[in-house]
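To start, the structure under review is shown below, and the notes come after it.
Labels for the chains are A, B, C, D and E, by order of writing; each one numbers its residues from 1.
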Amino acid sequence: EELTKVRFIHEWRFEGHVAPYLVALDKGYYKDEGLDVSIDPGTGSVDGINRIASGSYDIGQMDLNALIKYRDAADAVPIKAVLVTYNIPPFSILTIKKNGIAEPKDLEGKILGAPAADAAYSHWPIFAKLNDIDTSTVTVENVGFPVRETLLAQGQVDAVTAFISNKLAVKAAGVPDDQIVGMMMSEYGVDLFGSAVMASPSFMAEHPEAVAGFVRATIRGFRDAINDPEGAMDSVMKHNPIAKRDIELERLKLVAEECYFTDDVRENGFGHVDAGRLSRSIDQLEETFSFTNKPQASDIYTGDFLPAKNERMIQ
Amino acid sequence: MAQTDIVSPPAKAARSGPDWVWHAENIGSPVLFTLGLFLVWEVGCRLFNVPESILPTASATLAALWEFRVVIFDNMIVTLWTTLLGFALAIVIGLLLGVAVGWHRAVYSAVYPALIAFNSIPKVAVVPILILWFGLGTVPAILTAFLISFFPIVVNVATGLATVEPELEDVLRALGAKKLVVMTKVGIPRSLPHFFGSLKVAITLAFIGAVVAETSGASKGLGKLMLDAQAAFQVPIVFAALLVLSVLGILLYAITALIEQRFTGWAHRSQNH
Amino acid sequence: MSVRKGEFAAVVGPSGCGKSTLMKLTTGLVIPQKGRIAVDGKPVTGPLDIVGMAFQNPSLLPWRRTLDNIMLPLEIVSPHAQRLRKHKAEYVARAEAMLDLVGLGGFGANYPWQLSGGMQQRANLCRALIHEPGLLMLDEPFGALDAFTREELWGVIRDLHQRKKFTVVLVTHDLREAVYLADRVFVMSARPGRVVLEREIGFERPRPIDLTYTGEFNDVVHELREKIAEARADTPPIG
Amino acid sequence: MAQTDIVSPPAKAARSGPDWVWHAENIGSPVLFTLGLFLVWEVGCRLFNVPESILPTASATLAALWEFRVVIFDNMIVTLWTTLLGFALAIVIGLLLGVAVGWHRAVYSAVYPALIAFNSIPKVAVVPILILWFGLGTVPAILTAFLISFFPIVVNVATGLATVEPELEDVLRALGAKKLVVMTKVGIPRSLPHFFGSLKVAITLAFIGAVVAETSGASKGLGKLMLDAQAAFQVPIVFAALLVLSVLGILLYAITALIEQRFTGWAHRSQNH
Amino acid sequence: MSVRKGEFAAVVGPSGCGKSTLMKLTTGLVIPQKGRIAVDGKPVTGPLDIVGMAFQNPSLLPWRRTLDNIMLPLEIVSPHAQRLRKHKAEYVARAEAMLDLVGLGGFGANYPWQLSGGMQQRANLCRALIHEPGLLMLDEPFGALDAFTREELWGVIRDLHQRKKFTVVLVTHDLREAVYLADRVFVMSARPGRVVLEREIGFERPRPIDLTYTGEFNDVVHELREKIAEARADTPPIG
């Protein structure tokens, strides 16, 4: 039987948290669904969404919030999310214990390091507003990604916006594990989804069964990776030979715990999306992003390709 | 009968055309060409339906430029300043290194490979090191602008010195002039066309260096602005900033060219220039 | 002034009077602001391709060996340009013969800057001659040569002119040279240069070199010299 | 009595020293200098306790180079190939454009500002557009390498053509040669020293262009490898890749220099070269 | 060969025999592979600063105006280099006087390529003289000049030598020039160049220009010419 070709792009390079896709590929889950999947690493959601829009890729995992903003443009291609993988977004504020920042309010008067292109930083205004931070007292420094954690460790900045998994980078910069503080924005009222599998409209129209198959196989991959992170590392190392196995393992566990396998997922199954929460998150984005053409929840996401709840339970 | 007639003695020879030709060529053609480019940009975008998130139309870019002129101008000043400082540093050090490399074969052999090695390295990789050493702020950006732009100067000055006609050097050497004097009186003047050629390359590189450094760590500047705009899905601002960079590049180039004309007019006496 | 086809004209005049400029005007390298220049009946509006020119300054191309420098006109002027590739060996032989003729045999492989001043000037002369031009313009071609080499080259030019009947315009400072070689001598005044004197030289051709030692010859030279001195007296002397 | 004695007629003049001096200068000094740099790097890192995440020691870098030699080599081949193609394109188009710009004042006035404008734009901004048009593969990287490296060639060729001594052009013009012939027989050979000077700058820029494009979207290449390594906290691999880039830069430069020597030996006859 | 202090020596010889090279060797521009060169009793190991040299090829620096070209030695040779800034006007006046002397008055502001060949050569001569060197080396300084200008410059050089008593080595192709100006004439053979003849010229100084028309003078010139012809007979002729 002829396999359907699927060109998939991930928002990031092949690190530990990408393992679910790599596992699904290596274990033949996509083939089982009649798919011939190629997986390419990416360089961030903005680029990635553009590539799906341009037709270079059929399906990708990208930040859902970036998609919402993208869809605001009048000429936007109607890409839709079909499976939300990050039930909780990884956006967080990282700092070090000795800087005395335990609460969002404590950031006042401090220096916040933030790469201008950082997805976490793009939600900083929401976070600040919800937590009543006087942003005029916070000095925001644009720091490049490669130096963000080192500057934090050096003390040139007091806190940084980052993904929660960047704790590992702070550790690599020489800060002991127990000194690192990670403040998930989601715990302070930023109620957004994280990344999601999304497909181009033409692919959804031409190969609806392939999209559904891709979603099913991906969920199997997530299940395997969450249940057996050690084993999932084989796939990561295979696709990224220069990775350090123990670090990637730690990264996967961290992301799985904070973002993939949340209480909501435990209860309602992987990929569960509450339509109300999605609508609210679009409203929340409006705090920082002036829509000219505000999309509806149904423009952004469709549950049509999701399997039944019992197929989506992880354990 | 076929014959060679030469009437009237040789008068002053006419080498250039009338005034209006000069004006047409020097002002008309670049303006027309630039307008043409804008037209191609606008029409191309519309024709191929290029999404705004990749390449906004010329009109959208100009509109953004006007709308955000204050922010763009503020950031431009920062970038311009950074670039100029880095460029000035590059001129001084590039000239000194170029003279050193052209001075002696041993310096040439020793330093050149290291310079080339350093220049094959993308400067993006060096910026983090600079930031960690010199902290956030403008110093890393100035240094990056310098680091990226001094090499063409070194190469061109060294090439210029290496290709000086020995006959000209002999004029000074015959007077018992020391090597340094020969260098300053013959080598360097003779190499000025090479030097100014390299400045045109260096000034554009200096801009790139400053902007790249700003994207890795700065609180102001066009590089930072472009990142912010990109993150805010304000792509027209990104291209407005690029437009400003281009115009700055041309302006600085024009200044360089004026100085060049002043100093190397003697070398530019071909008919078409 | 006007030069007839096949004639050998010589131009003499004080330094800086415009002789070199005259040569450039005639070949169309420079376009005159006023006045009229015609070659072969047609006004000159741009460089002509029937001309062979030996510049005052040898201007050999420094990246070409002497032989390649000399063969340069062959690469450009028809019909040689079209024939060159096929008949390479024949043309190289011609160039080498040319070099031998001016005493540069064996120097073909040297770069111009490896030649002495006089040798460069002789190579320059070869380059002007090699494509057998219809109009030969020589700007002080023998200035850097010793008396003997010079006289030998006089013979070379004289014989070539005799055989090929091309038109020659020769700029020189040596009155004996002018009188010995030319059919007509033009004398120019100091800046601004005008032709102040035109003298037909009647000696029969071929002229043997011994002619230059005859009284008759010396009389013509002296006559010219005095006329020039007279003309000079009208302009302020240098120094 | 003071007098000027000149014994023996002028023999062939000696301009260069004995053989071992040449060897010492051409092989000894770069090797020593390079070793010195490595030493400074190693000692500096240890002395100032530079964190490995920013600048690993020379020894750690070399160790990483050895350990990951297979991956690095595979990616190097990709980058090298990309760079070479881009560089080749840059030579061809740069030369053509340079000649066109040097050809006529109107072309110069029209095209030059646009070229400078384009070159003041950081190429990182252009890469996404290229990727959009040409897809992910190697084409955008090749094009970026080309786009970043052709400008120095244009500028130097144009400068070279503009500064040709009119006396040399007159030699050909006097023969009735058309402008194209004057250009190929005098303009271009005379400009070769300028041209080769620019190649040294262009080749290093081509590497940078290829690597920068690879960091914005490619599945192979040293740029991609460096990003991966950075993310995996394998900073020594990043620097090993930079080291490889440097060595490649030197190698390609050396090849260029050999060709240069072959073609512009006539111009390099100063005493110290 | 050896030249005494204050003497005026002339060197003649066929083109390419090594005269220019001899000049470069003497000034230390080129270091000999064998043989010995001494100036002022000391062996020459590098360029000397008491020398004024007029190269065969004018070699004026194209980025300097003629006046600045001529003043170049003043910027380098002591004691002028130290005094130049303070006494600028005085030195400029000297350079302008120099230009007037050779008939280039008013051309100081021109660039070298705006001068004719002969004018460049005269500027070159000025540059060699301006710092009043102890040893003056002139490599065919009058080659591109017409007979009258040339004779006027002979007078200039003669008078300067008379007044300043410096040593002069003059390379020339003009035997009359050599005999008129020099105390001693050296004749070199063709490549490899050796001194084949040395001739003291006894005419009393100061020598009037009319001397050149005397029979006595012409006898010396003819004697030299014949000797050279004899020497040449031993080497194969050109052509």
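Going forward, a contact is a pair of C-beta atoms (placed from the backbone, for glycine too) under 8 Å apart; a residue touches a chain by one contact, two chains touch by 3 or more.
To keep track of the chains, here are their UniProt names: B, D = ABC transporter permease subunit; C, E = ATP-binding cassette domain-containing protein.
Worth saying up front: this structure is predicted, and the values here are computed from it rather than measured.
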Distance in touch steps, counted as few as possible, from subunit A out to subunit B = 1
Request  = Could you tell me which chain lies farthest from subunit C when each chain's centre is the average position of its Cα atoms?
outcome  = A
Remark   = Per the C-alpha centroid definition, the whole-Å distance linking subunit B and subunit E comes out as 47
Key: Chain centre separation (subunit A, subunit D; CA means) in Å   = 41
Request  = Averaging only over C-alpha atoms, locate the centres of subunit A and subunit E and give their separation in whole Å.
outcome  = 86
Query = When you check subunit E against every other chain, which residues touch at least two of them?
reply = 18, 21, 24, 57, 113
Key: Shared-contact residues (touching 2 or more other chains) in subunit A   = 50, 54, 146-147, 150
Task = Give the residues of subunit B that touch two or more other chains, as numbers and ranges in rising order.
result = 54, 128, 132, 167, 215, 264, 267, 269
In the complex, subunit E residues that touch subunit C = 12-16, 18-21, 56-57, 100-103, 115-119, 122, 140, 143-150, 152, 155-156, 173-175, 225, 228-229, 232, 237-239
Contact footprint of subunit B on subunit A as seen in their complex = 46, 50, 53-54, 69-70, 72-73, 75-77, 115-118, 121-122, 140-147, 150-151, 154, 156, 289
Request  = Spell out the part of subunit B that touches subunit A in their complex, as residue ranges.
outcome  = 49, 51-54, 127-128, 131-132, 135-136, 214-219, 224, 227-228, 230-233
Inquiry  = Applying the document's contact rule, which stretches of subunit C touch subunit D when the two form their complex?
reply    = 24, 27, 29, 47-51, 53, 55, 57, 59, 61-64, 72-73, 75-77, 111, 113, 127, 131
Ask   = Considering the complex alone, what residue numbers of subunit D touch subunit B?
value = 24-27, 29-30, 32-34, 37, 54-55, 102-114, 116-125, 128-129, 132, 151-152, 155-156, 158-159, 161-164, 166, 169, 193-194, 196-198, 200-201, 203-204, 207-208, 211-212, 215, 223, 226, 238, 242, 245-250, 253, 264, 267-273
